[in-house]
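Chains here go by letter, A, B and C, matching the order in which they are written, and residues are numbered from 1 within each.
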Amino acid sequence: MGMRRAGAVMAFATVLLATACGGEDSSATGTASADGPTKVSVTTFGCEIWNTWAEAKGIYAKHGLQVEYVKSFGGSAAVAAVLSGAADFGYVNGFTAINAYNTGFPIQMVSGANVNALPPAEPAQGVFVKKGSSYKSAKDLVGKKIAVNEIGGINQIATSIWLEANGVSTDQVSFVALPYAEQVNAVNGDRVAAAQLGYALLGSGGADLRSLDDPFAALGKVYIATYVASKTFVAQGDTAKRFNDAMVETMKQLEDPANKDESFKLLSECSKVPAETLAAQPQNGLAPKVDFAALNDMAKKLVDLKMISKQPDLEPFVPAFARS
Amino acid sequence: MSRVRGLLRGLVRAAQWLWLLAVLLVVWEVVARQAESLFIPPFSRIVVAFVDNWLSGDPASLFLSDQFWADVLPSLARLAAGYGLACAIGVVVGIVLGVWHQAGAFLNPLIRLGMSVPVTMLLPIAIVFFGITSGMNVSLIALGCLWPILVNTYDGVRGLDTVVTTTALSMRLSRRRYFLSVLLPGASPSIIAGMRISIGIALVLMVISELYAATSGLGFYIVEQQKLFRFPELWSAILLVALLGILFNAAFALLERSALRWHRGAKAGSERAS
Amino acid sequence: MTTVAQPAGPVAQARRPTPTWVLGTAGVVTMFVVWDLLVRSGAVSRDSLPYPGDTLARLAELLTDPLFLGQVVQTLWAWVISMLVASVVAVPLGLALGYFATLYRPASAVVHAARSVPSSAFLPVAILLFGLGTQMKVSLSVYAVFWPILLNAMYGVRDAEPLMLTAGRSMGWGQRRLLTRIVLPSAAPAIATGLRVASSTALIVVLSAELLGATSGVGTVITTYQEAQRPDYVYAGILIVGILGMLIYYGFHFAERLLVPWGHAQRGEGR
């Protein structure tokens, strides 16, 4: 093969690489076109109640946003999506978001979404064990396996804090990562002793499970779900602020008791779970604005758990428009 | 004097092999420091994390840290179990199928089918059958490693030099003699090649089988560090996997060379005899 | 020493043997029968293992579903790109590295070091660098297959008959002629083997990446059905993936026979 042919081949390869790289991941633009709504991509677990409501009621459109959904497995994957440009807004729990920020990743929290259901509301999360099993308290889980959605994720953190509060050291249990559907199967099949997830994610197999306790009750106010975006994205234009405004308006409407039935009906169309089942499930609290003090508390808990070395300065983390 | 010269020659040989690797690592270091990417730290930082994570133990435990014993050992044990199982089954079945042609033709499409399914796809199924135990990891590793060994053993048996086999026939060797003195040595280069490919696959599966539904291990550690955004630690684990791979590869290269020498010797012997 | 196409082993073939394809088909049928019995007898729970009949029905369903076929295209697209990128860079590079002796040894060291790391270990990093789309899958797949292709090209060059090279040189052939007339044809079988092996590996890596977090491709479909707890679809997907792999394997096998027939003559036929 002559040198010239080799050179041509190299050029061809570069072009191929460029096209392969230029691929579909550049759909996230986020910049407003001269007229018409701004296209933004948002990660989702599948169906969130504020998304189904906002879409149906045109709230996103009202704020000049056209939302494209990207399926994500949550947690660090959402942060990854945001950082790599695969999505503009990442749906991620507060702890993982703080962790990522603390490592030095240039992200900001542009909106809250869910906080845990605090008493007197019914607990929306549980540590689930098999109905017929002999587990009664945290102490019974010593030496056992506990299933969570993600290693190092919010479920593991909450469970760890709950265990410590009940006198069990985290070294005495093993955490195993399983997708939510598998968690229920695993508990029913005696492959794990317990699983920590929300009532809403139990599915049909959940009928054979009972909850030991709500691990989030001991935590105080915790942001179970938030939206983050990259710093550069937030800095360009006001798309992030408009997203927050849309969230505020959507959640205000969702809190109105008159809208409850319709909101579950819309959610049911998306998730294919009957609306009555959805309505009967305990609900997490809605919180579009971020309570800075609560966020700092969350960071402190991470320090206590030795997941991060020292309390980070969260000032640059939450832009003004997102704070309550 | 000649010993010193021998040592120098050895060093020169080593440098010949390693200079490119060293150059690339230096380039990595420089580029990473410039780019300041959080995902890909400079190599020096990875080395520091590596020493911290794996080599910070006391002399009693071979300088290997507790982390090493806690995470790497279980993974390696599972690797050994799965790989051993695959070798045993693969060699035996490969020989049987190689000798008994009908059985070979019977199972050939199924084997091709089995080889083409990525074992990762079988992870949820393995969890159903084995639960979240070491058995699950071992079975996945065994299943993934099985095919190259099986196919290569089969090829090795089938590809035996016909001159050798007809000579053996004419000598009316007993089954056992034929097996030990003709079949195995003749097929051994293929078998060992298959085993060498499989150890690489075993390493991959060791990591993958722990990416979820595991409670400990090197793959588990990698996932954990990724979820917690701890990149130097993540890379230190990748480096460890790389070193393990190099180690296994080198071991097999040695094995292959000695088996090949035996084979060549045997072949030369048979040529002289005919 | 010629090797005649005869089966090895001390088994005398007295009567006409059953053709291989008949036996092969019988094998596949037996598998389905055994599968059916396992489920019917209750040896394996119906929730974990569906009936083969159901699975085949779902298989037909999936193969006629344009959405699913679209995902198959996504997987194959990632596969094609990664194979192209890897070969276009690795083959010429391998030829060069094999040819120039000073580079061969150090290059081998680098290659052996790099190929020892399974691409799965880079999955977290790849996701963070490239997101969850085709780019990520391609990057992992290229990493996985680049080294075997490179290595095979290097070995192929090294295996070139030195006698022939000397003969070529004595005839006054320039570098270009030596390369195209002697080195390349002699390296071609090894390169072909490398590509064939790489084709399977690339598919497996792409599928693994899809199973572990990508947003498109057959692997994601299977994951979705896994979450929805529909094992009949899951097993149908697995069968489809297996068939895809088989098609690719046989495709490369026949392409090899066609384009590099001298390779098989060198290795000796008998299978």
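Note that in this section a contact is a pair of C-beta atoms (placed from the backbone, for glycine too) under 8 Å apart; a residue touches a chain by one contact, two chains touch by 3 or more.
Predicted model, so just to flag it, every value in this text is computed and none were measured.
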item: Category of the chain touch graph - line, ring, star, complete, other; value: complete
item: Pair of chains whose C-beta contact count is the highest in the structure; value: B-C
item: Centroid spacing, where centroids are CA-atom means, of chain A and chain B in whole angstrom; value: 39
item: Where chain A and chain C are represented by their mean Cα positions, the distance between them in whole Å; value: 38
item: Interchain centroid distance [CA atoms averaged], chain B/chain C, Å; value: 18
item: Junction residues of chain A, two or more chains touched; value: 179, 185
item: Interface hub residues of chain B, defined as touching at least two other chains; value: 124, 128, 223, 226, 231
item: Contacts with 2+ other chains: residues of chain C; value: 128-129, 226
item: Touching residues (chain side chain A, partner chain C) in the complex; value: 1-2, 6, 9-10, 12-13, 16-17, 20-21, 23-25, 70-73, 77, 80-81, 83-86, 179-181, 185
item: Of chain A, residues touching chain B in the complex; value: 75-76, 79, 96, 99-100, 103-105, 145, 150-153, 174-179, 182, 185-186, 189, 191-192, 307
item: Chain B - residues contacting chain A, complex; value: 38, 124, 127-128, 131-132, 212-216, 220, 223-224, 226-231
item: Residue ranges of chain B in contact with chain C within the complex; value: 16-21, 24, 39-40, 98-99, 101-102, 105-110, 112-118, 120-125, 128-129, 155, 157-163, 165, 168-169, 178, 200, 203-204, 207-208, 211, 222-223, 225-226, 231, 234, 237-238, 241-246, 248-249, 271
item: Chain C residues touching chain B - in the complex, by the definition given at the top; value: 1, 3-4, 6-11, 17-18, 20, 23-28, 30-31, 48, 103, 105-110, 112-125, 128-129, 200, 203-204, 207-208, 211-212, 219, 222, 226, 234, 237-238, 241-246, 248-250, 267-268, 270-271
